Amino acid sequence: SVQQQLAIQNAQELLQKLSDKCFKACIQKPGSTLSSSEQKCISQCSDRYMDAWNIVSRAYAERIKRESNRH
Amino acid sequence: SVQQQLAIQNAQELLQKLSDKCFKACIQKPGSTLSSSEQKCISQCSDRYMDAWNIVSRAYAERIKRESNRH
Amino acid sequence: SVQQQLAIQNAQELLQKLSDKCFKACIQKPGSTLSSSEQKCISQCSDRYMDAWNIVSRAYAERIKRESNRH
Amino acid sequence: MSLSSLANDPELQKFVAAKELENQLTTQVHHLTNICFDKCVESSGSLSDLSAKQTTCLQNCVERFLDCTMLITNRTVQRIQQGR
Amino acid sequence: MSLSSLANDPELQKFVAAKELENQLTTQVHHLTNICFDKCVESSGSLSDLSAKQTTCLQNCVERFLDCTMLITNRTVQRIQQGR
Amino acid sequence: MSLSSLANDPELQKFVAAKELENQLTTQVHHLTNICFDKCVESSGSLSDLSAKQTTCLQNCVERFLDCTMLITNRTVQRIQQGR
């Protein structure tokens, strides 16, 4: 369905952004494996990015609601 | 018309770039309102970006003209 | 042909990335001509980027092969 | 049902318009998260949990970014109308 | 040959699918080169020739980026399944 | 007038080709402004008015970026022809 396709596209874009952001933040010098501290950093970074996504999403929805009530 | 649609698309892309650039340049720590110095910085930044757009646009047109005369 | 169009699109994207990357790396203050040291820097930068593209491409292909054998 | 009668169906039109809007809003949320994460979270040390300060910063970041866009939009419209 | 019989041709379908995949893989190679060039080459001084160290770094960079994507994908799927 | 005769109309073809070119050129101006604003304006302090120095820098930036693209294009074509 269109709905599912949108959701999948959305998830893919989120995963792409997460990988870019957290790889840059957590991997200084790529070694032969992910060290446990790198893994921990990536997990935390992606959790925080998802938290931020939810907060931003709510704040944006509220703002749009407020603006559309004003008109 | 196609012409208008292009102009609108162009304006939207310009506004998007302006917002990204000037928000990054002028807002260090987002507060509960835009301070007057932040507003001033945003206005100046967007004026300068528009000036730059015009200068770049002219320089680019001249270069293309020069190149196409050469061939 | 589709194949050629893909190849051209691919080459264009590579040239765009190369220009962005090497201009940023090699031109600190744009002057009235490219100095010989700027030209040398651009040539080296683009050669290294192409080398990197080939190494990355091979490493990526190997990884995908390994992953698909695992399943 | 023919394609042209389908395309004129008001329910379907509403559904498609709603989906397109949702798509645009989602794209904007991606963009805002990308910018505000850098401003409020990445630069401020710990990633172990979002602090109250970081949460407020993210909310303010969304509001101020949209203020910034409105300010610039108004200014640009004025400038175009003045024909500069 | 009609368009619909062409579109159902299994050889053509395979060819188109292969081209689409090639296109996706190439896009990903562009993306990885962009990231890994910054991590392994640009930041590390000389551009005169890729050192063995830079080459290894580029290979590791591809592997670790994909590890990173897999880690995040698994974590995100878990998070969505837990309904957070 | 049928669609196919419309699509073969030389005036319309010229108009569409000109619009497509305009679109490409505009995209390139956006790209150049983005790069050259950073090189010449943002990094150099005051935003109150463009100085003569900043204006010259912007003009040079456009010229040198295009030189850089031409240099890289020629070099890449050579490299491909040598089959490296």
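Note that the chains are named A, B, C, D, E and F in the order they appear, and that numbering of residues resets to 1 at the start of each chain.
Heads up, the rule we're going with is that contacts are C-beta pairs under 8 Å (C-beta built on N, C-alpha and C of every residue); 3 or more make two chains touch, one makes a residue touch a chain.
Computed from a prediction, not measured in an experiment: that's the story for all the values here.
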Using mean Cα positions as chain centres, tell me which chain lies farthest from chain E. B
Whole-Å separation of chain centres (CA-atom averages), chain B against chain E: 32
Chain B to chain D, mean C-alpha position gap in Å, rounds to 19
Dist(centroid_CA(chain A), centroid_CA(chain B)) in Å evaluates to 28
Chain A: which residues touch two or more other chains? 14, 47
Flagged in chain F as touching 2+ other chains are 36, 40, 61, 63
Could you give the sequence of chains met when travelling the ring from chain C by way of chain E? C, E, A, D, B, F
For a test of understanding, state which residues of chain C touch chain E in their complex under the given definition. 2-3, 6, 10, 13-14, 17, 21, 25, 41, 44-45, 47-49, 51-53, 55-57, 59-61, 63-64
In their shared complex, at which residues does chain B touch chain D? 11, 14-15, 18-20, 22-24, 26-27, 29-34, 38-39, 42-43, 46-47, 50
Any idea which chain E residues touch chain C in the complex? 16, 19, 22-23, 25-26, 28-30, 32-34, 36-37, 40-42, 47-50, 55, 58-59, 61-63, 66
Taking the touch rule as given, give the residues of chain D at its contact with chain B in the complex, in rising order. 35-36, 39-40, 57, 60-61, 63-65, 67-69, 71-73, 75-76, 79
